[in-house]
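Inspection log for the structure reproduced underneath, given as structure tokens.
Letters A, B, C, D and E name the chains as they come in the text, with residue numbers starting at 1 for each one.
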């Protein structure tokens, strides 16, 4: 973030030296705004997709009436903003016999985790005024993938705390289910991600994307790790759905079984934080999937120019914008896939979930790692160095 | 503020270690004892990493990785023992677990 | 500040008690299950009912024979027609009244339509219990169309109060048969769609196969009836055993499965949807012209005597034991309701299951609480 | 088999129990309380009866002195029904339970206990079923009164 | 140097670590002790970060917070009735223990202060901010790659031993924590009802 941000400010102001803390504050604000707006859009989209799958319209009434007359996709645009306002204005109830400390800590923790996980996610790159491409991320950490997986564990902690502090047996069961589920699926997920790690020889998400763009065995179409690490992609996607507690893996908050699981006792703002974090996490796993398996902001054999000159209109940072468009298009494609799964599948049973994770996904991810290692070795021996 | 040197880290490690030791000595609940043990592990790790960085030698970090792995194994077995004790005694008060029969 | 609850001495180390209901999203109304759990596993289950007890039987003793009919609507709000029917049948049996043939056909049409509506409702909620949301909407959407048919006939969508002693309250609308056939033509292919959503899904398959197996012997001793009994391998159906109304003239099959698990109960109901459609088509063809009601005095006085009649409701064998002392009010009016027996089975079936299985099993029996508590 | 066909068989098999046909209900047999539960056990197990299905059991209150228990049995094997009616003294109605013969009888008897106050000896769990545990009185008895219960005007 | 955030960060993290560690050993509710332990672990991870060993910080969070603490919290949930207040967790001799620990601390601190170390310059350890050149990364950041080679070259045997150790620990934990088989086998599916 810092180099591009500095560059940008310098371009705008003509050489203003920004203080060192400015990029951090700006990225914090950007990520917060992104989480809120994106979650709102995703909730609207979820309801529309759900409506489409169930042969109904979804929300249609809140929003400009003229648009709603046009098609189902143009109606109900104001539904989620209205819902959020409602959630924020609701009375905040802390039940009498809860553990106040834990009860208040849990939503903060889960939101912190949702926020922090955005740090290493690269959304684009630009070479504007730089000798080599700079990855656009809050900070393209050297240990990006490890960081992401580590931060996810905070989510377990938050859910477990919410379940325990609510002093409610349904909440406790939900919290423990969530803990077991996320913990078990983290292992195949980590192994599934290790395939691409080995292929790229790096933990940094930015490096992973750049390596994919370069292609495997010198063939750009083989570049997307979806191809060499297909099993890993499948395993990761399944584990990601399980990690975000989305149906069909929503046992921790299964309404028909545990009322609302760990969030049974939560209302208003605190509930909104859980809800927001859930949607944010869903999008984050889609972003990670895009960056790790779908080539991030790149398309095979396509390098956008650094700036677009249409004669009458000069657009600087075109490569950055084009990269972002590609990245979000891919990420939303994955989001749509997850939504499709959500609205057509029944819920798994916890013991089936465990069996599936340990006896099926884990061996599959091992196999994936093996395949990727062999491919990486071939690449190293016959094509020299890591791909890229 | 004065720059932070190796001694600062070592001192913090020592404090953390003694806090952990105090917890191990005074806590009666088995899980609390395990937690205090983790504090001591962390104190050691902190020292290892500080040494590795200030006397430039990566081996300290490698050792710290090993310590974390061993701590994980220790925690797993420890928790298993706690559960087993709980099942047999219906409590996990270490002062009262003094029989040799399971 | 915090109250310490005394530990239940009956529980072992790992056990704890969980109160599921009466307010719980998936106990369909107000069923309460007192569960003793070992983690996620159920050790014991005690169903508790009575939260919806409205003393319908006591109310019936206080009303004239005609006035009881709207009360029977409230027996089972998902299939008011059959509850109406069983009561009216009991009164007619005691008073030796025979409804005109057209009324008989209309009654069968209404029962079968109500069976479709009830099974669709069941399909939706059952799928919801196993965590699938889309089937719920599918089931309810098509149920609405059945309710439209009811509305055009008797003006009500849920509590019909349509049947009368000696017939039905009003004739079918002019175009009823055409609209019904149009609905059937449109809807019957959709059954395939319902099945596609669940049948071929391995998650659903795993969650319902070999879960909650009810052996035929256990089913009989618990008084289980209807689709639940047929899913346990016994082809018992009141429409076949003791045919009433015009059922002897109609052709239909009794779907049977032998497994007795949740999946079998689901399959039996899906097949029953098809059979109901088949019956309805025949009825539309054979529906005779003529009077729809043999008018009875408002204050009907029945001779002294008692009778028991029963028929096949969507949930099973619903019966009415009617005792008359020669007055204009029932002396005793006992309803034998299928859900009452089905809930008792939970105690036996839910043992050693996991929490999600409770939901699948309870939902698969299609219990309706107002019918249980009466 | 109809009740009049059952009558001779039952009379020879259980000489100490009184049986008679019911003039009000052609499907019913009246019997004395001494035959419970042996007669029922026989009806369930004997191949010619094979009453594997207890449809329902209930009670009818006949003040001032009589309380009538009604058991309706059905055989899927033979497709016949037999209603058995047992008279009990109204002031202290007690009768052995059938819960060990049909699981179904468990709740049916709890309901009768709840609403009519019939005590079933040997019942595994005789508690109120419909009414709250601390309810007083038995609502389906004819002389039951409650402040909220007013007779319906004619 | 205009402003050096490193000491601020260190003291903040040190306060967090010691404060949370105190909470771990004094909290009345075990679950709170667990949460405090998470605070300590994050503080230590932060210190690793300050020392630019980001990989270890990640591992610390992943393994300690993600696995060990969660395991301990599970154990708390399994062995305590929910919300048991005022847990009696302190033994009868806190003062003796405190005295012993203080003595230990004195010895350790004495040892630390009396030693002299040949330390590398601070610029190789921390990142710096200066008015002239702005942000400067630390000169010698241990990369993940270097660490990996280190693990595989001189430490191969210990590395493998650790994996064996973890395997053994896993099996041992399973063997110890497993419920003893009950005499009667749980019924499978439908059991015959004997009416």
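The working rule: contacts are C-beta pairs under 8 Å (C-beta built on N, C-alpha and C of every residue); 3 or more make two chains touch, one makes a residue touch a chain.
On a predicted model such as this, the values are computed, not experimentally measured, just so you know.
Chemist: How many links in the shortest chain of touching chains run from chain A to chain B?
Modeler: Minimal hop count between chain A and chain B: 2.
Chemist: Write out the two chains that share the greatest number of C-beta pairs in contact.
Modeler: B-E
Chemist: Need the central chain here, defined by C-alpha centroid distance to the all-chain C-alpha centroid.
Modeler: A
Chemist: Averaging over Cα atoms per chain, report the distance between chain A and chain D in Å.
Modeler: 65
Chemist: At what distance in angstrom does the C-alpha mean of chain E lie from that of chain B?
Modeler: 7
Chemist: Could you tell me the distance, in whole angstrom, between the mean C-alpha positions of chain B and chain D?
Modeler: 70
Chemist: When the centre of a chain is set as the mean of its C-alpha atoms, what distance in Å lies between chain D and chain E?
Modeler: The mean C-alpha positions of chain D and chain E differ by 70 Å.
Chemist: Which positions in chain A touch two or more other chains at once?
Modeler: Residue numbers touching two or more other chains: 97, 169.
Chemist: Tell me, which residues of chain E touch at least two other chains?
Modeler: Within chain E, the residues that touch at least two other chains are 55, 59, 67, 69, 74, 83, 193, 195.
Chemist: By the touch rule stated above, which residues of chain B touch at least two different other chains?
Modeler: In chain B, residues 86-87 touch at least two other chains, as defined above.
Chemist: Spell out the residues on chain E that touch chain B in their complex, using ranges where they run on.
Modeler: Residue positions touching the partner: 4, 6-8, 10-11, 14, 17-18, 21-22, 24-25, 30, 33-34, 37, 40-41, 44, 47-48, 51-53, 55-56, 59-60, 63-64, 67-69, 71-72, 74-76, 78-79, 87-91, 93-94, 97-98, 100-102, 104-105, 108-109, 112-113, 117-120, 122, 124-126, 140, 142, 146-147, 150-151, 154-155, 158-159, 162, 165-166, 168-170, 172-177, 179.
Chemist: Which residues of chain A touch chain C in their complex?
Modeler: 50, 53-56, 97, 169-170, 173, 177, 247-248, 250-251, 254-259, 343-352
Chemist: Taking the touch rule as given, give the residues of chain E at its contact with chain A in the complex, in rising order.
Modeler: Residues of chain E touching chain A: 29, 31-32, 35, 38, 54-55, 58-59, 61-62, 65-67, 69-70, 73-74, 77, 82-83, 129, 134-135, 141, 143-145.
Chemist: Please output the residues of chain D touching chain C within their complex, sorted ascending.
Modeler: For this pair, the touching residues of chain D are 24-25, 27-28, 52-56, 58, 60-61, 70, 72, 76, 79, 81, 83, 102-104, 106-107, 115, 128-132, 139-140, 151-152.
Chemist: Would you tell me which residues of chain A are touching chain E in their complex?
Modeler: Touching chain E from chain A are residues 2, 17, 20, 97, 99, 101-102, 105, 141-143, 146-147, 149-154, 156-157, 160-161, 164-165, 167, 169, 172, 176, 179, 183, 186, 201, 203.
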